[in-house]
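Please find the structures below.
What follows is a pair of complexes built around chain A, which joins chain B in one and chain C in the other.
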Partner chain A sequence: MNNTLERLLAKVVAGLIFTLPLIVTDIQASDWPTGDDIAQHINARDEGKAVSRKLTMAMIDRSGKKRVRQTRGFRKYYGQEKRSVLFYLSPKNLKGTAFLTYDFPAKDRDDDQWLYLPAMRKVRRISAADRGDYFLGTDFTYEDIKLETKVSIEDYTRKTIGEDEVDGFHCYIVEALPVDEKTTRELGYSRVEQCVDDEIWMVRRSRFWDARGKLLKTILSEDIRQVQGIWTQHRIEVENHKTKHRTIFTFSEVDYATDVRDAVFTRKAIRRGL
Partner chain B sequence: MTIWRYTVVMLCALGLCQRAQSRETEFSTTVWSQWAVNTRNGDSQALGLSLKPEFTSRFGNGYKLTAIGRLKTETSDGLQPDDVDRDSYSSLTRPSLLTQGLDAELREFYLEMNLGATYLTLGKQQVVWGEADGLKVLDVVNPQSFREFILEDFDDSRIPLWTVNLERQLGSWDAQVIWILDQTYHALPRSDATYAFTSSHLVPRPPPGLNVNIQPLSRPDRVIRDSDAGLRLSTFWDGWDLTFNYLYQYDNQPVLFQRSKMTATGPMVIVTPKYERTHVFGGTFSNAFGEWVARGEVGYFTNRYFLTSDPSDRDGVFEGPELSYVFGLDWSGLSDTFVSAQIFQSWVPDSPAGMTRNELETTVTFLVRREFLNNTLQAEVLWLAGITDGDGLLRPKVTYEWQDDVKTWIGTDIFYGNRAGLFGEFNDNDRIVMGFELGF
Partner chain C sequence: MDSPGAQRAFWLITAYPRVVIAIGLLLIVIFAAFIPTLHKDTRADAFIPPDHPALLFREKVRKIFGLQDPMVIALVNDGPHGVFNPHSLMLVEWLTRRLEDVQNIDPDGITSLATENNIIGTSDGMLVEPFFEVPPRSQQEADAVSRAVMGFPLYLGSLVSRDGTGTLVVAELLDQVKAQSVYEDLQEIVRQAPLEKGERLYLAGEGAVAGYMGAYVDADAFRLQPIAGLVIALVCFVAFRTLRGTLLPNLVVVAAAASALGIMAAAGISFFVITNAMPVVLIGIAVADSIHILSQYYEDVALNPGDHPRDVTVRTMVQMWRPVTLTSLTTMAGFLGLYFASVMPPMQYFGLFSLIGVGVAWLYSLTVVPAVLSLLKLKPSNAYRRGSGVGSPDVDVFGNILAVMGKAVMRFPRLILVAASAIVVIGVIGASRIQLDEMLIRVFDPGEPLRVADKAINEVFDGSHYLDIMVETPEPEDLFKPENLQRIEALQNYLETLPHVKGTTSIVDYLKQMNKALNEDRIEEYHLPDTLDLVAQYFLLYSVSGNPTDFQEEVDYDYRLANVRARLDDGRYSIGKSVVEAAGHYIDTKFNAPGINANLSGRVNVDYHWIKRLGEGHIISVIISLLLVWIVAGISFRSVVAGTIVLLPVVITILMIYAVMGFTGIWLSIGTSMFAAISIGLGVDFSVHTTERLQTLMCESRLSIDEAIEKLYPSTGRALLFNFAALALGFGVLLISKVIVLHEFGVLVAVAMGTSFIVSMTVLPALLKVFKPRFIRQDNPGISKPAVQAKPAE
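Our next item is the complex of A and B:
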């Protein structure tokens, strides 16, 4: 009889030991904002109607060889439609290259994209479907570049799975899983884990897993400070864990206050250059 | 010297010298070198070195001045700078042959400015129309040097012209008006040059035993009356990039009029090369559909001249219209990979039986390009196939970027097929190329 009672007690204790953390986590989780709430906060954050900025791209391979591109970029919202353009200023062999995108809010409408290559002296229409491709030799995909500090609502289901600190700032860890296999193939990610600063609703750290479930890359957003009242990341570093290749984006001369002329976002503008 | 005097006068006339202070000036240089070895006989086909300085200055009044020069030398016995006939250049545009094997050229020299709602580009420049790659339909505003056939990059082989180029937005349309005050035409290789044309489509073949007398090139030389002019209207409509083009020009290729004459030494064929006018009407389109981009262009030339072998023909040339078009599909569904295919057709309606070229000529192109190692390594294969003549050109190439502005490449150019075809005529010129480019 005693043995039976002891075994029962042991089972109860063991059950408590295993379930208590889950209960505690559940209690905590009920206090956490949901993944969707966090995504809404991120996307509601003010990015300014228009911005102009200098962007230095440093690309460093596993042997330490570094390539640097100086660019000037402009972005402007037209309602929900976003137009952005990037002009290469250096090095010499890329100078004059320019990339123009019209990003439409409708999910069923592909972006319109054009590329001007000085060697061809032609503005080429390019496909916007390859959003999982890497952007001009960097470790960012076209989709990463397009989203900037936003997140895609349609492509992922989100869940808040924990809390953490990045650079001393509290953040919620949000797990994002592609909605289907097709999206996984298109984006090249099977899982994304983002650490979101809940004071300013910016992603401070993102980890990406490839389609096979292996850790692919980590993006760190640093030197985040206000410019003309808008929280702005001034340094983004991404490391590809597979290739050990790194890309560092450094933003300077960020200006949200001065309007950007509509004429900048045209094919003739990318042909003429800055 | 004439060029510099001309441009200084031009700039001063615009008031630039007095009104504008240079605000920002950039200077850069590109050094390019390539060695080509003929794979048939192991001879060096070309060992070229070029220096391309580029100067840009922005002025306080918004004006921008660009000057691009080129110093080019060939140190091998094969290709030489003077392989092309320099008579096709106007005196303002002709490169200066400094010594045998070394020429200097003011490639481009133009001033850009906003004049109210009009954007003016004034000076020696390239105006590029069309959507096709590697083949030309509407990209005929500027003539081309065929010193190296079509193997040279178009940016280098295209001959910039002194042009007034006005652009203005008209509602949802962009209008471009060009006025070309430069009587320069295609620079064609001399008959003894490495890439001299021999195809019967382009070069008359008198019967054996007949003497041939080639007259000096008759070229237009009245700056205003012999100028060319064009208009391009562009718009973006429902996802489509569209242009409508019109060009009134002297065809860049001289017509080889022929007549027979009895001389003391026997019958003789006298060939008189002459440039003739044509109107060009055309248009282009492009749009993206998922992973695909469709693009194309069409050009209708009202007056073209084609060689005929009909002995009863009065001047050995058939005059008629020509319709040319290209349709291309680009696919980028595979990561870091670009695949492109084009079909090009040229049709001469109502062509006579003796015309040396075919009534319908078809060329297809395929390009596969893949980037590796974060775009530092690029491998590509370009294949141009002349379907009508059964000839072609295959161009595999690998390029590696060692660091910013330092790249090297190795590749081959393989010609094959019927020697009467535009590609097959260079069957003996197969080559391996290797080279480097530095920028600073």
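Our next item is the complex of A and C:
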């Protein structure tokens, strides 16, 4: 009895907390850039034609046990097409493993992926993963990885719903909803909420809700500073709230200035190694 | 009157009868007020002391690998394609989606053909993808799913039956405590499921057992307790045929049951499955004291109808307080034995709180009962008519039947003793044949859907009884080492040779499947990869399309700990025992080595550890109870011989039950192991009353043994008959219990009561007649002084 009352009260209060800002929002909405404006700003940002960097991937399970992989990665744009390659440096038993991806802009064309496993001495073509599949044991999906710091225009309808501060930087909160059921299923998200820094147009915090409407994960982009004039995130942390699994990406030795040779993005190169 | 102390005490009690009654009623209300706060704990684990190492270790293993007690829905299809037809696979999908919407089921914790991934070899790689995204539309597509599943040995016997006739939908709960409501929701889903001809659904699993047990036990209690109360009221009515004779014992019963449960609730002790028997048992036991008091009361009323009620009451109490106290003490001694000897908390508390209930019954019988009687006008019972006999009232048909019995005893005492000796011999032989065994699903009636489902699942699949073995290595990624993986593989191979182990799974099976997939799906490549790097890279390759948490039930995140799960298709302790012992021996002698070791866990191991001690607990409880009863009886009669003779009928009774168990194959199990201590404590009441009365008649009334025996039967014998009837019927009510553990317990105690009663009324007098021990002889020097001794006011 008491419990029911309490819950009811909590609902009412929660309802007020959530609806009041909405009312205020409507008044202010005209001052805010629209969701689409913000998305365009984000995607217009310079990411550099090519980049080389070290990436340390730390995966941590719910009990705090950790797997750490060090890699060197390269990425280069060929117009709209994007090629990237990841060479494992450690642990020892994965050294020499390499993962090559060609992302094609055309929606109906599957990406090409190859994996070289030194223990098998063979480059294997990996069937295109679903966009919502997890990337190499991390909490990022292939779609998250592919977008990097960009956002997908055609998958979502977006709306600016508020303002916030993340790490002391002013942000607009953009709510993105998948355009249809099919997209929700593919991506594994029914709602995304991004806090976008309107100074540098980078997403500093994203929260994702799963297809059943439960909070799924949070991605935090941190240690954002300019490298050779390009705003670069040096640390990304994801936490899956359901599995309590976490992933921390740390970037170092980021270099946009030196061009990356096209030959790096070939099967021969991943076989030969760095 | 040579017990002035007792005399004074009962004058005092009857001086303020209304105060005594008011306090008595108030206490009942106070006790009863606590009962609603009782917390029910019907988990199987509740039978085990919470700090038992086997239980703690299993909890640790469950935490590491995220293992749970799931709900299991089995779909069985006897048709030509088994479950691999479009409709059945659609049904699996349907069930899976419905389960996702059930509150308190983890939508990501559902395992079925609709959720699990296949590891497929492709021309140049490996693909991890669902067996089907949408259920197959045609038989050809279903056949393709069948081929895929049948090519994945890991799922055979566990997710899909080896012959393809059945498949499981397994769901994990977010909160195990709410299992009951989830079970009810699943029952509804199973009811609504669109079944086609040949399709059957079964709902079972550890989670279901936990979920159903609560409701099952509640329903049982609601069925048992009113019937027990009614039966006892009936016994009392037949015995005394008066309103007070029917209601007074029931007042004592209410006090006993309310206090036992109320104090239990106040102490924060949970209500366990077997606690269900406690109120019923107390109903039968608590009534005994007042039956004896009322018997004496009505005899006195029949003899002295003109006396003042208070005089009659005090006279009755002075005569009866000693045997009533003595029998209460011995009954409590039996429960105390159970409390001390049992390894199981539910049994310990059953002993402890029954003891309290018996104590309260005794207290009410000696205070509230005389207080009430002293207030009531004397009204003779039709069962006790004043007759022609001098000094003893004529009695009814029951008294007459017993009188005949007495005559038989006097005629053939030696024959009776020979028969008793024969029972002893047969009992010893029978005891040696008793098997210790138990099976937790046996709590449920064999006709219960849950038990039917459990049986079907264990027949169709590899089995739902898990022996988990945690393999431990010192350093992260030590499990990548081929020699360690081969050791695990050898362990699995050994386990699968053991009887009733139908299948085993571990990370090794996944690696073999990956190896096969990466070698063009050739069946001869279903073996472990042979280098450490290969193992590491297989896992990386898997992670390209698998989930980060995919192997958490098989291996920890550091690749340092692995879980090997063996499935047994039989939940009997005896089966688990042989597997646990064989596996333990193998691990000690063949598996453990520097850098790797293994430990047993899982339900099978936990059950093994505590049921193992059931037998030893039983023997200790019997010894403690016999010892306590012997001491109590010896002190009361101030004679070691008397204590021993009083004990003889219960020893014969226990041996008789052993004979029945040994020759009919009744297991020594949770329920039956409790019978002995309780039967000793209760059964000895008959011999105490008999001996006490004979001693009184012979030593004080100076009667010969034959005269004493003749007098014994119609009065004390009659009271004992109703005492026995109340107990036997009280425990007999457990016969209609659907909790099989309680059912067996009730049967054995009821039979034991009958045996004790008969032995006390035959063997005991025969023994006294033949051997004439000193404590009943008239020259017994002890008879002149006993302070605790009472005799009829004459």
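Here is the rule we use: the second predicted complex is superposed on the first by the 249 of 274 C-alpha atoms of A that agree within 3 Å, B and C clash if a C-alpha of one lies under 4 Å from a C-alpha of the other, contacts with A are read in each partner's own complex, and residues count from 1 in each chain.
Basically, a residue touches a chain if its C-beta (ideal position, glycine included) is under 8 Å from a C-beta of that chain, and two chains touch if they have at least 3 such contacts.
Small disclaimer: the values here were computed from a predicted structure and weren't measured.
After superposition onto chain A, partners chain B and chain C are found to clash with each other. After overlaying the two complexes on the shared chain, residue contacts for A:224 are found with neither chain B nor chain C.
Of the two partner chains placed around the shared chain by superposition, chain C is the only one that A:212 touches, whereas chain B remains out of contact.
In the superposition on chain A, contact is made by A:121 with chain B only, not with chain C. In the superposition on chain A, A:112 makes contact with chain B only, not with chain C.
By the touch criterion stated above, A:50 is placed in contact with neither chain B nor chain C.
With both structures placed on the common chain, the touch criterion links A:268 to chain B but leaves chain C unconnected.
By the document's definition of touching, of the two partners only chain C reaches A:63; chain B does not.
Once the two complexes are overlaid on the shared chain, A:93 sits against chain B and chain C alike. Of the two partner chains placed by superposition, chain B and chain C are both touched by A:245. The single stretch of chain C with clashing C-alpha atoms against chain B, selected from 182-190, 362-370, 506-514 or 776-784, is 506-514. Across the two superposed structures, the residue set of chain A contacted by chain B and also by chain C is 59, 61, 65, 67, 91, 93, 113, 118-120, 122-127, 129, 133-134, 136-139, 243, 245. Within the complex, the chain C residues that touch chain A are 63-64, 100, 107-108, 122, 124-127, 477, 480, 518, 529, 531-537, 540-541, 543-549, 552, 556-558. Residues 59, 61, 63, 65-67, 91, 93-94, 97, 99, 113, 115, 117-120, 122-127, 129, 133-134, 136-139, 212, 240, 242-243, 245 of chain A touch chain C in their complex.
Considering their complex, residues 59, 61, 65, 67-69, 90-93, 95, 110, 112-114, 118-130, 132-134, 136-139, 188, 243, 245, 267-268, 272 of chain A touch chain B.
Contact residues on chain B toward chain A in their complex (touch as defined above): 28, 30, 112, 119, 126, 128, 130-131, 133, 153-155, 167, 174, 234, 236, 239, 241, 286-288, 290-293, 295, 330-333, 335-336, 371, 373-376, 401, 403-405, 407, 437, 439-440.
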